[in-house]
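In the two complexes below, chain A is the common chain; its partner is chain B in one and chain C in the other.
Up next is the complex of A and B:
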């Protein structure tokens, strides 16, 4: 639909206005939820005061480490798996059921293995993100047309040049999809782990504020998590759409 | 005296190991002998699945013969892609992430040429294929025929001495195919390259080629070679000549029984239908 984005923005705006009205009229009491404008004002206050900057920085850094590791490992592993047919056939059903496993259940085990530091959180986030990268990259590699690979051969390209000049550009939109998923999973993994057992980070601060009825901290932090995730996703989506439009696929 | 051969195939056979546990092989091609003369336009027709594309892949070095020898300019190919050979495939092989100009420039990547020389060659190829106005477009913005022209241009800029075409107009409508055929004849004359064309269309082969090889059903062997006798400066108007009908009729005579065999093998021919029950549709006999 031509004006789908207008309707989308309109719907979101309507929801915000509805929340605002419900909070203002007492439909939602103040102890349960702040009005949206208050969340924005408090978020600005938190950011400018710098009181939670260390927590925010820690969460975003850990999520970034998990994301980059998942992308690097996931893409390389997918490329190797694409060539190893037997291993691929063995692992494919496991990938299909992977997200049925509650990865957070392993968090205590991670703490035993890695200690009570940032590593268990990063590892959980990595585990959540990496399989989506592997599966999406494999989907891209499977779709590289045979005729393009034959063209690489008759153009006398070696394996490295074929990967760089043909395969990588072809799977680029798939890698962007993988990146979008990996970022979302990395944030979920890190923040979720901070909720469960941590003394720092945005997840911990949200949990701490919740336990202390501190809505002025909890809701702005939730808003920040949403804004970060949506912003990064929107940027990658925009880039992905440019590539797909170029190829007549959007 | 005939020109010396540029490509020679002697006693060539190709077989594939069947998937499954029996470990048996399927003979797909040969034994086959063929000499391609320098600068000629040679077309190959044959029933579906007779090994036409396999034959092209053997000459391109994309595949190796199970037996026999394939040589280009006197040197055995042995599965190595020979220098001076360009291939255009039936499927769209343009790179969707590159513009038309960059697609064509891709062919020149390994050529030791100055930037100006490369640009001149690309411009010439764009002009020759009627793509100058679309140089900065992406393939998705072009029609199927134009995309195929991009692939031909990408091959042409390398100035190959042998151009292999695997049903390059297969996806196009009849009118566009006739016009593309004219363009192909033009560039064949301009470049002086040898052209080896695989096609399933008898009229296309009869219109374009100096000689046409007719292949049998699998395993594909050459059962006839037809000399068309056209002048070098021909174009698609040869379809109006009486001798065009004579050529296509001879092609069909050679091919009819083989096509029946091929249909019978695929289970498409009605069981009670004798070979004589099929008429040579669409041919001026």
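Up next is the complex of A and C:
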């Protein structure tokens, strides 16, 4: 499958060209969608003019804060939960049904509790991201082979050494998967919260542009969100593949 | 995980009691400004369910969700089977699918609105873009993990593609496909609700968004409670079926 990526790039390029042609011939009217090259040009204009950089930076910073705290809290919680078998069995049904719950409904509550600043949206993003981290980390911890742990016992490794030399390297690919999910959820949380109620950020700017039929701002911003998430995701999965190849698992 | 029915019942009871206690404590901490106690919420939900004006919205959401789920399955399953059984197609398209899983789809709502207009089709489309990808991805992996000997048996018996899918592919891959359906169910539901929040004039999501705008705490709490409980019960039931299937396959 050496040429799979060539096909992939070719297909995506064909899709862009198709959109371009449809927009040019009027198959898609201007009010619905801008031709792709316009989006790229507008995106470049927005970034270089710096008019929306504060909003972009704010959204990305908030998502990053939510992501990092979800990773830290989630991994620590998963490690503790892995030992507390009873508590884990009790929480399992909650984890399994968690993502069917509309977390955004709690946003107004957060605003009352924290005030109308960055904290409510960070907290929403954290709530969305953290459970995927806990679940993925637990799945990784469950799969650490018994024999490795026994080897650690035989070699008289202490708990810290066991964690550093055996558990962590084994769980690393799972942590990367967790990170990918957490980044996606953190972005969803922050941007969704900004859609609902906020006076700043990319989500706010997108919905503001939408309400004003300002496609020249809306499409480039949406494109930027998509590009950012796809790029980060691709980097992390590349790293994950390297780890798995080193272990001869890919 | 060897969870006997007795054990599961016990942990669910504990979980529900724990969540109720947590909720009550939170209520004492936050106060009446943006929160209601469990008792008040249940009471309000009961009056809401007795209210004539509520049911058209509930039916609307139910119809949108059913349609979105049906479409997600009808698109996701064949896509997954195709990508899983044909190596070249899989190698080309699977990374695209994985990447689009990570896109914060909430940013796409303005595009959905522009394409489909305000109303039923926009929220169904929003539900489908959330639900179809996990269903397809789980199906891909399920089809890939079918033991080759089963496929060879089918070929020896001279099965055509349809017969192959009906009597070998689906039965063998069902446990894993069902796990995908379970996740697709949750995501389709949340997608439909989100679609209603941003892109609709009817439905439970619309009521919720309205309540958020008017800061009607009773309604926010009641609707969130209702959504969480029904999603929780449905998704837990699916989880039980899921476990049952895995246990039988193992």
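The rule is simple: the second predicted complex is superposed on the first by the 248 of 250 C-alpha atoms of A that agree within 3 Å, B and C clash if a C-alpha of one lies under 4 Å from a C-alpha of the other, contacts with A are read in each partner's own complex, and residues count from 1 in each chain.
Everything that follows uses one rule, which is that contacts are C-beta pairs under 8 Å (C-beta built on N, C-alpha and C of every residue); 3 or more make two chains touch, one makes a residue touch a chain.
Since the model is a prediction, treat every value here as computed from it, not as a measurement.
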* Asked: For A:243, is the partner it touches chain B (first), chain C (second), both, or none of the two (neither)?
  -> first
* Go through the superposed model and pick first if A:212 touches only chain B, second if only chain C, both, or neither. => neither
* To do: For A:117, select first, second, both or neither according to whether it touches chain B, chain C, the two together, or no partner.
  => neither
* Asked: A:53 contacts which: chain B (first), chain C (second), both, neither?
  -> neither
* In the superposed arrangement, which partner chain does A:170 touch: chain B (first), chain C (second), both, or neither? -> first
* To do: Mind telling me which of the two, chain B or chain C, contacts the most residues of chain A?
  => C
* Asked: For A:150, is the partner it touches chain B (first), chain C (second), both, or none of the two (neither)?
  -> first
* Residues of chain A that lie at the interface with chain B and also at the interface with chain C -> none
* What does chain C use to touch chain A in their complex? -> 1, 3, 7-8, 11-12, 14-15, 18-19, 30, 33-35, 87-88, 91-93, 95-96, 98-99, 101-111, 113-115, 183, 185-187, 189-190, 193-194, 197-198, 205, 208-209, 212, 215, 217, 220, 223-224, 227-228, 231-232, 234-236, 239
* Structure fact -> Seen from chain A, its contact residues with chain C in the complex are 1, 4, 7-8, 11-12, 31-33, 89-94, 96-97, 99-102, 104-109, 111-113, 180, 183-184, 187-188, 191-192, 195-197, 203, 206-207, 209-210, 218, 222, 225-226, 229-230, 233-234, 237
* To do: State the interface residues of chain A toward chain B in the complex, per the touch definition above.
  => 145, 147-148, 150-151, 153-156, 165-166, 169-170, 172, 243, 246-249
* **chain B residues touching chain A - in the complex, by the definition given at the top** => 60-62, 81, 83, 85-87, 89, 91-93, 95-98, 106-107, 109-110, 138-141
